[in-house]
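The letters A, B, C and D name the chains in turn, as written, and every chain counts its residues from 1.
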Amino acid sequence: MLSESELTSLQTLLDSCELHRLLGLRAVGADREAGWIVLRMPFTKAASRSDGAAQFHGGAMATFADVAGDFALIARLGFGVPTIDLRIDYLRAAKPPYIQATAQIRRAGKTLGVVDITIEDAEGQVVALGRGCYSTRAG
Amino acid sequence: MLSESELTSLQTLLDSCELHRLLGLRAVGADREAGWIVLRMPFTKAASRSDGAAQFHGGAMATFADVAGDFALIARLGFGVPTIDLRIDYLRAAKPPYIQATAQIRRAGKTLGVVDITIEDAEGQVVALGRGCYSTRAG
Amino acid sequence: MLSESELTSLQTLLDSCELHRLLGLRAVGADREAGWIVLRMPFTKAASRSDGAAQFHGGAMATFADVAGDFALIARLGFGVPTIDLRIDYLRAAKPPYIQATAQIRRAGKTLGVVDITIEDAEGQVVALGRGCYSTRAG
Amino acid sequence: MLSESELTSLQTLLDSCELHRLLGLRAVGADREAGWIVLRMPFTKAASRSDGAAQFHGGAMATFADVAGDFALIARLGFGVPTIDLRIDYLRAAKPPYIQATAQIRRAGKTLGVVDITIEDAEGQVVALGRGCYSTRAG
């Protein structure tokens, strides 16, 4: 597991992007060796499907999946990695108060990384499944 | 081609969502029979990869692709459609001042729609390719 | 778990297709309630990347993933389902003597099913990950 | 356009794999500079959805898409490339007597290639869309 100060560092990196701040993304936990990270996104106006709807926007969820996959690799590798491609399947409507993404590294090679992202609602129901391919070469 | 007033209606629908307003999404043109729509997203702080970076955020681009595919079907069908799944491939860094998405319906059946989304920068370079599958059954 | 005779029925259905026979696909086990099935594909000339190569063909693996996802839903629903879309990520070279696919239903709604397919080699190493979306409406 | 002898060389490479021979894959045309290739797959017992069905098997079509994308890059680069990931969307039932795949390179960088594959039936109807990501580094 990451120490409290390592998690704070990840949160600082997350916060260095306006879109992440608008969506209120939070790093909840991570384990570098096991290769996973958990992020949370609260239901807010910015994440809503449309004004007044009590449902997350699929686009906000895709952003959330992409960032979760990215940060699973950042926690492992220590540097940011560009997304090569991203897939997301929406299984059911995602409701307030928040959704949580668990990103699990499936491969982290010299040039490519593949990460599975499972998004659950506050009751632990899986609402979406993501899978991203990232370029893992430094700099 | 959609008339000016039909395009204004689509823009009004686009604007009924905080995330779209934050990202400044604009409907540029559409053709119901031909099955395409063009949306534009300006480079802004909210769409930036990270503070100070002159590059679009992959998550904002995924949102953009999802919305473009959705609105191609809305222009055709007259009602909103849930995304079943989405894939996006990032071909090169997307730079300011804006990116433009052309969403082309490839299939619009009674239950399923498939849309191809090509995202280009202001110089006409393709920066990303999306493909989405949507549920086309009325509410 | 499926009984021996139920598994034999699935194998009979598998065998009613020349491509499956050419690739030697075998139903190894399944659990209807838990929503999973395990299939095995031996390394043969027909499944080889190219003549003389001791590596599975990516196309044969894609077929294997598609069929595994399909049969997970067949075991659950009792009838065949058309594939809407399929994704497969190749993590490492797949070597003889066989590969095994575990297909796990992630959603089985009235119109759509989503299945995750994990393909491992004989040593239990994950060599590929698939995800398929299927149409689950009866005939 | 490739010369007749270059096309023959591609066909020889195609034929050096039992699965391609079983499916009867044919190189119909290619243009190295424009980055496309056209392959054809006849309807045969090996490509059939099930015994007696007059419809192509989705798995055979996935193999066809993968190989078409691969060979578009082979025609360009001169060497075989491993598939990183593949997605295929099935738009309608694919009928005899044959299907034809046009694979168009969308990106061919130093490490990654992205190819779009459009599969049509003999009447020119699009029956499936593929998109593959390949590793383009020389062996």
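Following the convention adopted for this analysis, a residue touches a chain if its C-beta (ideal position, glycine included) is under 8 Å from a C-beta of that chain, and two chains touch if they have at least 3 such contacts.
Computed from a predicted structure; not experimentally measured.
With chains reduced to the mean position of their C-alpha atoms, the one farthest from chain A is D.
Counting the residue numbers that touch the partner chain, chain B and chain D have more than half of them in common. Chain pairs A-C and A-D differ in how many C-beta pairs they share in contact, with the greater number at A-C. Chain centres here are Cα means. That of chain A falls 34 Å from that of chain D. Separating the centre of chain A from that of chain C, both taken as means of CA atoms, is a distance of 29 Å. With touch defined as above, residues shared between interfaces to two or more other chains in chain B number as follows: 84-85, 87, 89, 133. Taken as a graph of touching chains, this assembly is fully connected, with contact between every pair of chains. Partner chain C is touched in their complex by these residues of chain D: 16-19, 22, 45-51, 57-60, 62-64, 66-67, 82-90.
Residues of chain D touching chain B in their complex: 87, 89, 91-92, 106-107, 114, 116, 126, 129, 131, 133.
Of all residues in chain D, only 84-85, 87, 111-112, 133, 135, 137 touch chain A in the complex they form.
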